[in-house]
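What follows is subunit A paired twice: with subunit B in the first complex and subunit C in the second.
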Partner chain A sequence: MSPILLQVIVSGLLIGAVYALFSSGLTLIWGMMNVINFAHGDFVMLAMYTAFLVWTVFGGGPAASVPIAAVVLATVGLLSYFLLVRHVMRGPMLAQILGTFGLALLLRYSAFWYFGANFKTLPDTLLGPPFVLGSIRVDAPRLLAGTIGLLVTLSLHLILTRTALGSRMLAVSEDATAAQLMGIRPERMQAVAWALAAGATGIAGALIATFFYTSPTVGETLAIVAFVTVAFGGFGSVPGALVAGLLIGVIEAVSAFLIGPVYKDVIVYTLFVLVLWTRPQGLMGKA
Partner chain B sequence: MFLQRGVVAVLGAALLAMGTAQNGAAQQLVKIGAIYPLSGNAASAGGFSKAAIEFAVDLVNHGNPALGDVPLSDGKGLPGLGGAKIEVIFADNQGTPAAGQNQALRLITEEKVVALIGAYQSGITVTTSAIAERHGIPFLAPESVAANLTERGFKWFFRATPVAGDFAHAYSDFLKEQQAAGQKTASIAIVNENTEYGNSVASVIKEQFAKDGLNITQVIPYSANTTDVQPQVLQLKEKNPDVVIFISYTSDAILYAKTMKDLNWKPAIMIADDAGFNDPSFVATSGALVEGLVNRSSFAVGKPGSVSAVINELYKKKTGNDLDDPSARAMQGMLIMADAINRAGSTEPAKIQAALKATDLKASQVITGYNGVKFDDKGQNVLASSLITQMQGGKYVPVWPKDKAAGELKLPYKGW
Partner chain C sequence: MMRRALPLLLSGALALLYPLLVSGSAVYQRLGALVLLSAIGASAWNLIGGYAGQVSVGHAVFFGAGAYAALAGYAQFALPPIAGAPIGVAVAILIAALIGVPTLRLSGHYFSMATIAVAELVRVLVTNWEWLGGAQGISGPAVARTVLDLSFTSAVPYYYIFLAVLAAILFITWRIEKSRMGFYLRAIKDSERAARSLGVAAGRYKLYAYMLSAGLTAVAGALYAIMFGFIDPESGCGILISVKMLIMAALGGAGLLFGPLVGALILVPLEEISNSLLGGKGAGLTFVVYGAIIVVIARFLPSGLLALFTGRMRPARKPAATEPSHAA
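Here is the complex of A and B:
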């Protein structure tokens, strides 16, 4: 394998881990409540602006911005749940879709109003020089984002499958009434799910801000990939989002490099349709 | 008798009414629609254009003595319409051709604008100007450069900016001069976003370079607003061309600047085709990563005291930003439209169209670096011209042609 192709695959894996990271929150909320959060991309955007503010106001790097963004976004998630989602859940399916869509627009245009339309970036020297292994270069911000992406996705998976909290959350998602009879409060579990998912999204956004531009519409650009990743990996499956994110990252990079950047979407979406054709529940989703 | 008195009364009332109508005309507002990307991913560029157009309208309505030759800068509004003021109505094209089209329709039918300017992205200018054409409303494109815009046989379409062919010519002459000076130009790559703007500019450059014996070895079209440009940069790194020409909007331009540094690759000469690379927010975020980047511009702040320098000074005082190239062209567009409406002496679209056709502005009357403004049968400004600038210390400095240069060209490309 030529060294440059190896670099392409490494680049693809790194961006793929980031895709996985910012998709896990979306899939978690779907798995818990059968609600698609259309404001997901705009949650990422808010986290990116949080990282930007942490840098401009306190001069803080990711060590400060990641926890701060996680807390800020978890709060945003809780507020969204208690002020909006809890209420629209009682309405028809369409109300749920339009509800989070409205939230997306509210967040996006608030950002336009407050931050303006100009693109912002964090200084590219924030995390030091790239790692060089032979002819392969691994950019430090992407490596950090990729690694933490894997860790966060893994911890979300472990929380869901290995803890009492996770079991209670899954019980609510399987049958809220039965769970209630067992003494679990569905609302509390759903609120926890929103906080967890939004917090993970906060971590994702703060990390993406270290190597991507930040603008009020950046959520739009990123959200499409998140939805594809979630559907590809299986709605509600956190490990599915991880596998799908990595796959999409590598397939995109390799096809863009070998065939051409304009064709990468065609190839990714063709594969996507083929997977859904044979496995409508996604790679790792439950049928 | 009674009847006569009645007639007199009616006549008197009619005269009175006419009198007030004329008073009304004295404070008349001429509505011009401006369609720009105020949301969506080009909102940053759209916002700067909006500020520049507002500046132009303010200039016509309130004047500024420092601007001497620039028509209508004496603060008397539009004397041809009894001192009427201009009201500009902005509409958001949201970065999509469909939204632009809807907004054009709304401005014409609901807001009753007498003329339109816009729409930044060439792909959106295509649809918005088609609506204006259908309704017989003059449309002026101050900045969209796609070649085919003036090839559609439209009667109501005018374009003030130099077009892709002019740039291709400038790039070609510029590169051949560098070749003669001993720079490496043996292999040339083009990286372009694949909507109307990127595709048309790329194909015009290919044609011109083929004619002039410049060797294009690699063309990389990509979808705008992408999440990742690493594969594109790695494609470049693999072939390692001497010259790269980027045709991109702001979001992608920022990613290219960052990613080229991350993957540690740069050509000997890097050229950007305006657009995203001239967006002030690109310069602010990525200027330090692209030292030595060659760009094109129709606007450059000239010597102190020149019209462009005075305009830039006033604009900076008002907005806090230096005037950038696309915004300067938008400002110029509004001034051309105001001049035409003034000469038309009417808000009738057909008269404005005739006045636009008769436009004849000299170089000293325009705020951009154009040699003047004069439209041909297709509506293209034949006196539009552009110069080549270079990123030096976080600012674009005009470096070519020599007679318009304010700084020395420094090659090879330095980057970060």
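Here is the complex of A and C:
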């Protein structure tokens, strides 16, 4: 394997881990409540602006912005759940799309109104020089984002599968009425899911802001990646989002390198549609 | 009968007279035309998304097919844009058949996701397709060569063309609503499994509705291209085009004959006001209001505004979304 290809695969894996992280929030909500959050990309955008504010106001780097963004976004998630989602869940699927898309517009244009349309970027040198290992060279922000992305996605998976809280959430997603009879409050568990999902999205956004431009509409671009990742990996499956995220990261990077950057999206979408046709539940979704 | 016919006749008369009532203001005439254009697209979407309950978020593909066919005919062969429209409709129906056969097997959110992916795929392809103008897009005739170019400075001719087309689409929808197919589609929407068990050829009827909806959406695209004389990948195939059709229909009342029109009557003026203010100090703020209004309606009237009048405030039972979501 040529060293360049190896380099390409490594950077694909790193960006893939970030895809996995911000998609796991979407997949958690989708799997648990059968709701697609169309404002998910805008949650990422809010987290990116939070990181930007932390830098401009306090001069804080990722060590400060990641936890702050997690808390801010978890709050946004809770508010969205209690004020909107809890109510539209009772309506038809269209009402959910309508409600969360309205929320997306609200967030997007609030950011536009407050921050303006200009791209904001954090300084490149925030995290020091690129990291070099043999022939592979990785920018420090991407390395950090990839590593934390992987770790947080795995912890989310562990929370869902290895803790009592996770079991309760799973019970609610399987059968809310039965869970209620066992003394679990479905609404509380769903609120926890929103807080967890939005918090994880907050971490992802703060990390992405260290190497990607921030703008009010950046969420639209990121949301489509998240949709593809989630449907690819299987709805409700965090490990699925992880595998799909890494896979999409690598496929994008390799096809951009071999065929040209323009066609990387074509390859990813085509693959996605093929997976949907042959295995609609996604790679790791339950049948 | 009278109780239903009278308001209908009155609003029909009002629609016919509207350009004369606002004859002093070109802005309001244009606004009227834009409302009708959006209502055409949203009513076309309503056939598959509202009546059959298959929430497509990828109708921009069909809109784009109509819009691009109209202007590519001009750019490549110097045809009047209207001549390209039937080709756009045919292409849209063909695409619908091609992507409908596999994707309509998916249900619920999976169908929505698949349509988003297909639409994004098409948008990327069109962006890199030089024959269709690539990322720059293509323009229509700058000055009308003959009246066939349908290039007018006033919005009034467009208004009446759109009104006629909308009336035709609503008539088709109304006929379908009352027909066997209409009952089948509503049965599929309530529970596809139950409909199948009663012998409804669900796959076939969903495909028919999808193809018809696609063809009519292409008409909306062609009309858009004719009026604006310009199309690019974002305004032709962008995800916002798909989402707007859905939002208008859902806001007014999806699966109701006049739902999309009511949605367009509310959202288009809102959007035009915000567009005209954009660039000023309040940039973005009006879209914040736009978003907030959508949220409030989704929160308090999940079945759309018209549900207020039809007495169907809430679905009687949990919607079909709780079924296993990939009945292949």
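Here is the rule we use: the second predicted complex is superposed on the first by the 287 of 287 C-alpha atoms of A that agree within 3 Å, B and C clash if a C-alpha of one lies under 4 Å from a C-alpha of the other, contacts with A are read in each partner's own complex, and residues count from 1 in each chain.
The definition used in the following text is that a residue touches a chain if its C-beta (ideal position, glycine included) is under 8 Å from a C-beta of that chain, and two chains touch if they have at least 3 such contacts.
The structure presented is a predicted model; accordingly, all values stated were derived computationally and were not measured.
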{"item": "Partners on subunit A (subunit B, subunit C) - clash or fit", "value": "clash"}
{"item": "Which superposed partner A:99 touches (first subunit B, second subunit C, both, neither)", "value": "second"}
{"item": "Partner chain in contact with A:262 - subunit B first, subunit C second, else both or neither", "value": "both"}
{"item": "Subunit B versus subunit C, judged by how many residues of subunit A each one touches", "value": "C"}
{"item": "Partner chain in contact with A:11 - subunit B first, subunit C second, else both or neither", "value": "first"}
{"item": "First (subunit B), second (subunit C), both or neither touched by A:175", "value": "neither"}
{"item": "First, second, both or neither for A:84, with subunit B first and subunit C second", "value": "second"}
{"item": "First (subunit B), second (subunit C), both or neither touched by A:112", "value": "both"}
{"item": "Subunit B versus subunit C as contact partner of A:228, first or second or both or neither", "value": "second"}
{"item": "Which of subunit B and subunit C A:215 touches, first, second, both or neither", "value": "first"}
{"item": "Residues of subunit A contacting subunit B in one complex and subunit C in the other", "value": "109, 112, 117, 216, 220, 262, 265"}
{"item": "Sites on subunit A touched by subunit B in the complex", "value": "4, 7-8, 11-12, 15, 109, 112, 116-121, 124, 130, 137, 139, 142, 211-213, 215-218, 220-222, 225, 252-254, 256-257, 260-262, 264-265"}
{"item": "Subunit B residues touching subunit A - in the complex, by the definition given at the top", "value": "38-41, 43-44, 46-47, 194, 220-223, 225-232, 234-235, 237-238, 250-251, 254-255, 258, 261-264, 279-282, 284-286, 289"}
{"item": "For the subunit C and subunit A complex, residues of the former touching the latter", "value": "49, 55, 57, 102-103, 105-106, 108-110, 112-114, 116-118, 120-121, 124-125, 128, 239, 243, 246-247, 250-251, 254, 282-285, 287-288, 290-295, 297-300, 302-303, 314-315, 319, 321-322, 325-326, 328"}
{"item": "Subunit A residues within the subunit C interface of the complex", "value": "30, 34, 36, 83-84, 87-88, 90-99, 101-110, 112-113, 117, 216, 220, 224, 227-228, 231, 235, 262-263, 265-266, 269-270, 272-273, 276-277, 280-281, 287"}
